[in-house]
Amino acid sequence: TLLTHFNSSGEAHMVDVGHKAVTHRIAITEGYIQMQPETLHLIITNQHKKGDVLAIARIAGIMASKKTADLIPLCHPLPLTQVEISFGIEADKNRIRCQTTVKTNGQTGVEIEALNATQIALLTVYDMCKAVDRGMVIQSVQLVEKSGGKSGHWLRE
Amino acid sequence: TLLTHFNSSGEAHMVDVGHKAVTHRIAITEGYIQMQPETLHLIITNQHKKGDVLAIARIAGIMASKKTADLIPLCHPLPLTQVEISFGIEADKNRIRCQTTVKTNGQTGVEIEALNATQIALLTVYDMCKAVDRGMVIQSVQLVEKSGGKSGHWLRE
Amino acid sequence: TLLTHFNSSGEAHMVDVGHKAVTHRIAITEGYIQMQPETLHLIITNQHKKGDVLAIARIAGIMASKKTADLIPLCHPLPLTQVEISFGIEADKNRIRCQTTVKTNGQTGVEIEALNATQIALLTVYDMCKAVDRGMVIQSVQLVEKSGGKSGHWLRE
Amino acid sequence: TLLTHFNSSGEAHMVDVGHKAVTHRIAITEGYIQMQPETLHLIITNQHKKGDVLAIARIAGIMASKKTADLIPLCHPLPLTQVEISFGIEADKNRIRCQTTVKTNGQTGVEIEALNATQIALLTVYDMCKAVDRGMVIQSVQLVEKSGGKSGHWLRE
Amino acid sequence: TLLTHFNSSGEAHMVDVGHKAVTHRIAITEGYIQMQPETLHLIITNQHKKGDVLAIARIAGIMASKKTADLIPLCHPLPLTQVEISFGIEADKNRIRCQTTVKTNGQTGVEIEALNATQIALLTVYDMCKAVDRGMVIQSVQLVEKSGGKSGHWLRE
Amino acid sequence: TLLTHFNSSGEAHMVDVGHKAVTHRIAITEGYIQMQPETLHLIITNQHKKGDVLAIARIAGIMASKKTADLIPLCHPLPLTQVEISFGIEADKNRIRCQTTVKTNGQTGVEIEALNATQIALLTVYDMCKAVDRGMVIQSVQLVEKSGGKSGHWLRE
């Protein structure tokens, strides 16, 4: 089968990576949360205070990246060597962009860890603002770039 | 502040829900994963076999809903009474729709639990198909409807 | 379908218990670990010392009972009100018996929590003794008795 | 035995709280982290920036309170209704004070949850500053006040 | 003491494996769940549908293998490189056999991870069928074969 | 910034350790729990029985060390190779001393893992004795010695 998470009997398994080379692996992902202008304004205003929504979302995303193998059934546990999350406020589009970079030296990639961090960071923004804006939408969570491993470099066109 | 997750000093806290009424609460959420036609075809074909991608994604989403308070910093732990996840294949749009329903009897809502289940279910699809399609995109993760609690019924227009 | 963990479409779900009565629920389970006489002797001798194998296995079992909903996909999270694990040494049969009692006031039973505690307690015994006896076998993990809920009292014949 | 976490056979158990009344319970705890004046100065300076040490420590403490039953073997799982953590900078004593308030409506108290939150918040401060001050000391983690339950109100003298 | 999980003072510890060679390690385990013929028939019938009991049990077992160090007190955390679970239906004996293979490159073996996966997979079968057959029994959970490490190859006779 | 857990933009991140050498790392920490003489007497008396308070606290501490990266936001996950916890009863000072040693071969140190183990072990003592002594105080949780890594050997003066 082309789907490597299934063995020759068609059953799901955690695929054998034991023979793969340990290489330096990087994944960069992004995602957006769309909201009302008033909500975005509240987040921006709040940034100058002690309890910054985006600072908390960043911590949630970093912590989530470490739990990825706990959440995604066939994902291998990996000791991450770096996790970095940055936010960009796109006021003209009424949305916030979240970009995550995850690195490891390992036998398998860290795309899922980076996507998971992005998703949880954005969901934390939703959680903290839902009392004022229930209609927020998480958009375009995707891989931007990866390197390392047999498949090498990949860049979204 | 309008953002209830911050107290009067502007510091983040897990807001007091102890005085709120225990009501029956429902949240329905949706999200999509966009992919290449070939990838969608592989998933559809695989459905008739033992190791169904969507069946595994469903389990991952259900399990994730139970870990929401572990992932989202200021989210209250809640004993969920029902979690249901269904997928719809939209072949003409090259995407799969995931819809989640979560219910509880509690002092706070289950929107975050349902959104988290949707996100993790979609990310599990990504994980299982990434070897053939790294460019898949998770789209429009959002609340569709909620009921229960002081704010009552909410339906996305 | 007769298997309630699948909905009318045949898809797995966490079944709705929101309408069920909150009743006092008890489950009692048992299981055994079979071993070499020398291994059993070592465990018995060790009991009089600070680092008692069975005391540690008891703690592992109690802690595991609290994580049951994290491990069993369609199991509802439940706030347990009591967990008790006792061991019986059956020297003539070269085995140790583990009995677990779990109680809650809830909308669903605690059989799985008690079985999980029994299994993990026995596996902890295996882990601590495997250097001297790799061939140990975990046997007859089963429900002994339950009460509470709509199905009422059940006793193994 | 006077130690209720052991049964009449002297074996550890998760004590039965099923018959106890559900009451409103509050626990307030405190603790300190002692450090070099330069370290305290760095933390204070950093507070005005995006990545505030104390804001991150607060989030870590709140999240840890929700995992208490996972960490403390005989602790009952409890659905917390409020968690609040505040820091006080005591510049003259070269230390930071952390105070935690936890509330629930439950059959058992939340002292351990509040102490755990305080400890983890302080350890997070240590983690973030250890590169400049390995000698920091966590001091006087203790219960300040509790109310609710059969034992009623307790206030440290 | 012969039990390596206790130090020279007789106290439990997580034994030092830092000096051990990193070798390729494999563990194969098995276990059974005994049930009523009608229950087995239901599972077999259900296999052809979307929500396959054994497919879900497989996922639960794989996910559990990754949490072994969280459950078994003195077990070392290990990054597993492969987990594979297969089921065999033994209709004449009214039981299902579960076989698990776990692999890693590490300083300690993966027997406990494989036994844990087997146990949780079988318990998941129990959970999903308990409404129709409370009397099911988990039997003969045991190591079948292991290789790697100082003790080398071991095969159950 | 001198605080390495913040990047050049002042945002928190999990710092890159991918380029650091893998060295053998050891951390030794200590902490105390102060109590009433009667409480200490109860713990000592209980030690000769099956359910030893300190044996249980030791297990809790060891298990907690494995969850450190789950609790401390910016802490790297590390596969620990040894964890050892010992208690000393200081009857003249009405307190118990807890000392933890953690070892790994890794790219970052294990101070936080050892401090976390010490804290949780002491909090477990508190939990098990709180019914007789709510006023117990956890004192002087601190690093005693560390070795390995670029910063080399460190010993508390």
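Quick notes
By letter and in written order, the chains are A, B, C, D, E and F; residue numbering begins at 1 in each of them.
Simple rule for what comes next: a residue touches a chain if its C-beta (ideal position, glycine included) is under 8 Å from a C-beta of that chain, and two chains touch if they have at least 3 such contacts.
This is a predicted model, so every value here is computed, not measured.
Each step here moves to a touching chain, and the least such steps from subunit D to subunit F number 1. At the interface between subunit A and subunit F, under half of the residue numbers involved are used by both copies, so each side presents largely different positions.
Its interface matching that of D-F in over half of the contact pairs by residue number, C-E stands out among A-F, C-E or E-F.
For the interfaces B-C and B-E, the C-beta contact count is higher for B-C.
Averaging Cα atoms per chain gives one point for each, and the point farthest from that of subunit C is the centre of A. Centre-to-centre separation between subunit A and subunit D, using Cα means, comes to 30 Å. Once the centre of each chain is set as its mean CA position, subunit B and subunit F turn out to be 37 Å apart. Chain geometry summary: the mean Cα position of subunit A and that of subunit B are 16 Å apart.
Residue positions 9, 11-12, 50-51, 55-56, 59-60, 63, 67, 70, 73-74, 79 of subunit C each touch two or more of the other chains. Arrangement of the chains shown, judged by which pairs touch: an irregular graph that fits none of the line, ring, star or complete shapes. By the definition of touch given earlier, these chain pairs are in contact: A-B, A-D, A-E, A-F, B-C, B-D, B-E, C-D, C-E, C-F, D-F, E-F. Residues of subunit D touching subunit A in their complex: 47, 50-52, 54-56, 59-60, 63.
On the subunit F side of its complex with subunit E, the touching residues are 24, 55, 58-59, 62-63, 65-67, 79-86, 103-105.
Listed in rising order, the residues of subunit D touching subunit C in the complex are 7, 9, 11-18, 69-70, 73-74, 76-79, 107.
Remark: subunit B residues 1-6, 9-12, 31, 42, 46, 49-51, 53, 56, 59-60, 63-64, 67, 70-75, 111-112, 115-116, 119-120, 123-124, 126-132, 134-143, 146, 154, 156 touch subunit A in the complex.
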